[in-house]
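We call the chains A, B and C, going by the order they appear; numbering starts again at 1 in every chain.
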Amino acid sequence: MASEPVSTVFFLSDFGTQDEFAGVVHAVIAARAPGTTVIDLTHHIPPFDVRAGSHTLVRAVPHLGSGVVLGVVDPGVGTARRGICMEVAVRAGGTLFFVGPDNGLLVAAAEAAGEAPITRVVELARDPAPDRGATFDGRDLFAPVVAALCSGTATLLQLGEPIDPASLARLPGGVVEQGRLHDGRTCLRAEVTWVDHFGNLQLAATVADARVAGMPAVGSIELAARIESGREYLDGLPHSLVPDGVQLRCVDAFGALERGEFGIIADANGHLAVVAAEASAAHWLNVVAGELLVLAW
Amino acid sequence: MASEPVSTVFFLSDFGTQDEFAGVVHAVIAARAPGTTVIDLTHHIPPFDVRAGSHTLVRAVPHLGSGVVLGVVDPGVGTARRGICMEVAVRAGGTLFFVGPDNGLLVAAAEAAGEAPITRVVELARDPAPDRGATFDGRDLFAPVVAALCSGTATLLQLGEPIDPASLARLPGGVVEQGRLHDGRTCLRAEVTWVDHFGNLQLAATVADARVAGMPAVGSIELAARIESGREYLDGLPHSLVPDGVQLRCVDAFGALERGEFGIIADANGHLAVVAAEASAAHWLNVVAGELLVLAW
Amino acid sequence: MASEPVSTVFFLSDFGTQDEFAGVVHAVIAARAPGTTVIDLTHHIPPFDVRAGSHTLVRAVPHLGSGVVLGVVDPGVGTARRGICMEVAVRAGGTLFFVGPDNGLLVAAAEAAGEAPITRVVELARDPAPDRGATFDGRDLFAPVVAALCSGTATLLQLGEPIDPASLARLPGGVVEQGRLHDGRTCLRAEVTWVDHFGNLQLAATVADARVAGMPAVGSIELAARIESGREYLDGLPHSLVPDGVQLRCVDAFGALERGEFGIIADANGHLAVVAAEASAAHWLNVVAGELLVLAW
């Protein structure tokens, strides 16, 4: 079965944009598969931060049509870690291919996009390059594969040998735990999975998680504590870095908050987010991705 | 009357590029209107700075062909502020649509582009999204509208109800005032509307304003004072933050200046700009956008 | 002879992306040559750094297909410096045009791309613009030329008068010198031509230079000294800014290094690079582009 050519590529990396890395990948695809539309999701994933890249892809995939997701956050480039391509039938119809390293970057997004468990995965075959290092698989391995899919010159199974989906590298999910504080209040401990450009703090907890935990949808929630990544904490007596708590008003729009006020909102991905009025909640609460927030009511 | 499909989108926002925001908007347009060219004007408008976004669009529109301008600097997203689409017949021929929030971001650019006052504006109809917040109109409201215009599946009037152009939100223009200093010299007080990547200071005053005020086109002009945004000042005795003044040599090219010298130039948009030789005038004069500069001769 | 239309533009500048500069250049090309694919190599060349721009283009050209390279790092804009277009038959087949200022930015890349010395160069003819400055040749001169090449409305010789390739402005090459330290060890002094987004230090020395100098390909090399740009040094007794030297382990992959270890690697361009394990060698060794590193064995 010949693959139908696909015409759109969704490209994410930690390449930054100060160098020519991302542009050269575009050029390789344009030369081999003219007419392909390559959309940059972002190239500003923090260097080597595979988990941040994975979260970003999970957020993006519900909004992509058919095409190829090219993800390159790849500290293991040049080592024995595999390059992979997955083919996924998308819930909304159509097909998404995922091309990149087998380090956990792609698999959560492929599962989020697909209507069924992943079954079609290959390990990409590779040719060694003469007289230059094997440090740029984005250009030398993945871009040619993407171009082959886009130009229809290769099917999935022509790209390499099938591998067992159970063997794919995976990352731990974000922490979401319901609990009870020593004062008897119910609490939700949730990891900050993303600090966006505006300083909004996305939590691993979804609107559905909040509903299950019985979190009120009106009034205020208390941000009772902030727990640094990797810190121990006692249940009911968390190591509090938010002195005396911070009130988060439940709102539907950033603009409903007064200057100086913090809020909690259902964000555009269906997750809870801690936000501030035309300001950076991350800055004012001194929170970074990977920390846990304890919300109490 | 069916709109003719348009093929180019000019996209400006304060989304930054560290997250997937802009990329996802591209993806929504690509999925619904394949073959559309989406050009990023910039996504680095300072967060929430509607005025900076408006200035940027005003500078850009003379150089755009037909297409859709998508502008999203939108602190009021999710509130009652309207989403709008304007259709403008462009001076140079062709049509530009402007899609975004009704907060003053788009109207000055639409007026600058058009050969006549704005007459065709609609308030965009919207569908509420289930189980996720209404915090990302760029993706959920504006991008589908842009795609409908580009694919020709909707005309302006199918996008929403017509509204009165006089009801559109507007921003104050940049300050340009001619005056006289206490020492008898003529002066021009002009707002710094833009500090660019190189640190050049664009003034609200145009080359034509300078001509009317009698500013010499050769020799040097004195930068007599800098007035911080919102500061009071006395006419003829401005609150000077530029001790003893700074000489600005009238030049036609950055390269005409010596190292360490400041200049005044007619910039690429026909405005006056205060510049330095291969250096940032903003840095060395300690000036930010929104301040007034007082030029004297 | 009519040029065949070309469909891809490779665009590099020092414009940054906070302003609309790069987007407006895209818009001018899209309006005049619809359907052209414009690929941004990078717009984050440090302001006015013609040499960094030249290095970046040299690295990129082996991976570009046919098309037009548009390079704008142009501190001399508006002065008497010429605008040029070169046409080069590419080693891999096809044609690359190079459009931009005659200040050394383009010529090394054109020579690297071509299978023969440059013979076809013209000085671009220009029309003065009324009532605005001549400060934005990227938009007003180069983009229209690029569009003319892409739409096939002009051949090289219709863009301006031929000029002598020997008259083109050139930059000095990167320093690579073999030598001997006072302790008898062989050394290679090589300029750091590029610090990339990850902090890897690319040297002017290639894998072939290392082979000629007899540098071992296994074990460790000593980074014996760092010489600041413009500093004097005595052969055999370099002004050392690396106290007691630093060991660089010869590796094939970043991932082969332990945390805290430095390495030397053949990079993706066939050059030597000094690297660190998931960290910035530039930061930890306190090295910037333009310095010399002395490698000894």
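Please note the rule applied: a contact is a pair of C-beta atoms (placed from the backbone, for glycine too) under 8 Å apart; a residue touches a chain by one contact, two chains touch by 3 or more.
Owing to the predicted nature of the structure, the values given are computational and were not obtained by experimental measurement.
J.: Counting shared numbers against all numbers at the contact of chain B and chain C, is it over half, same, or under half, different?
T.: Homomeric contact, different residues on each side for the most part.
J.: Quick one: superpose chain A on chain C by CA and send over the rotation angle as a multiple of 5°.
T.: Chain A sits rotated relative to chain C by 120 degrees.
J.: Centroid from C-alpha atoms only, then distance chain B to chain C, rounded to Å. What do you get?
T.: It comes to 33 Å between the two C-alpha centres.
J.: Which positions in chain C are in touch with at least two other chains?
T.: Answer for chain C, listing residues that touch two or more other chains: 17.
J.: Across the complex, what residues on chain B touch chain C?
T.: Per the touch definition, chain B meets chain C at residues 7-8, 10, 12, 17, 37, 39-44, 56, 59-60, 63-66, 194, 196-198, 207-208, 252-256, 265-270, 273, 278.
J.: Spell out the residues on chain C that touch chain B in their complex, using ranges where they run on.
T.: 15-21, 23-24, 26-28, 30-31, 34, 47-48, 75-79, 81, 131-136, 139-140
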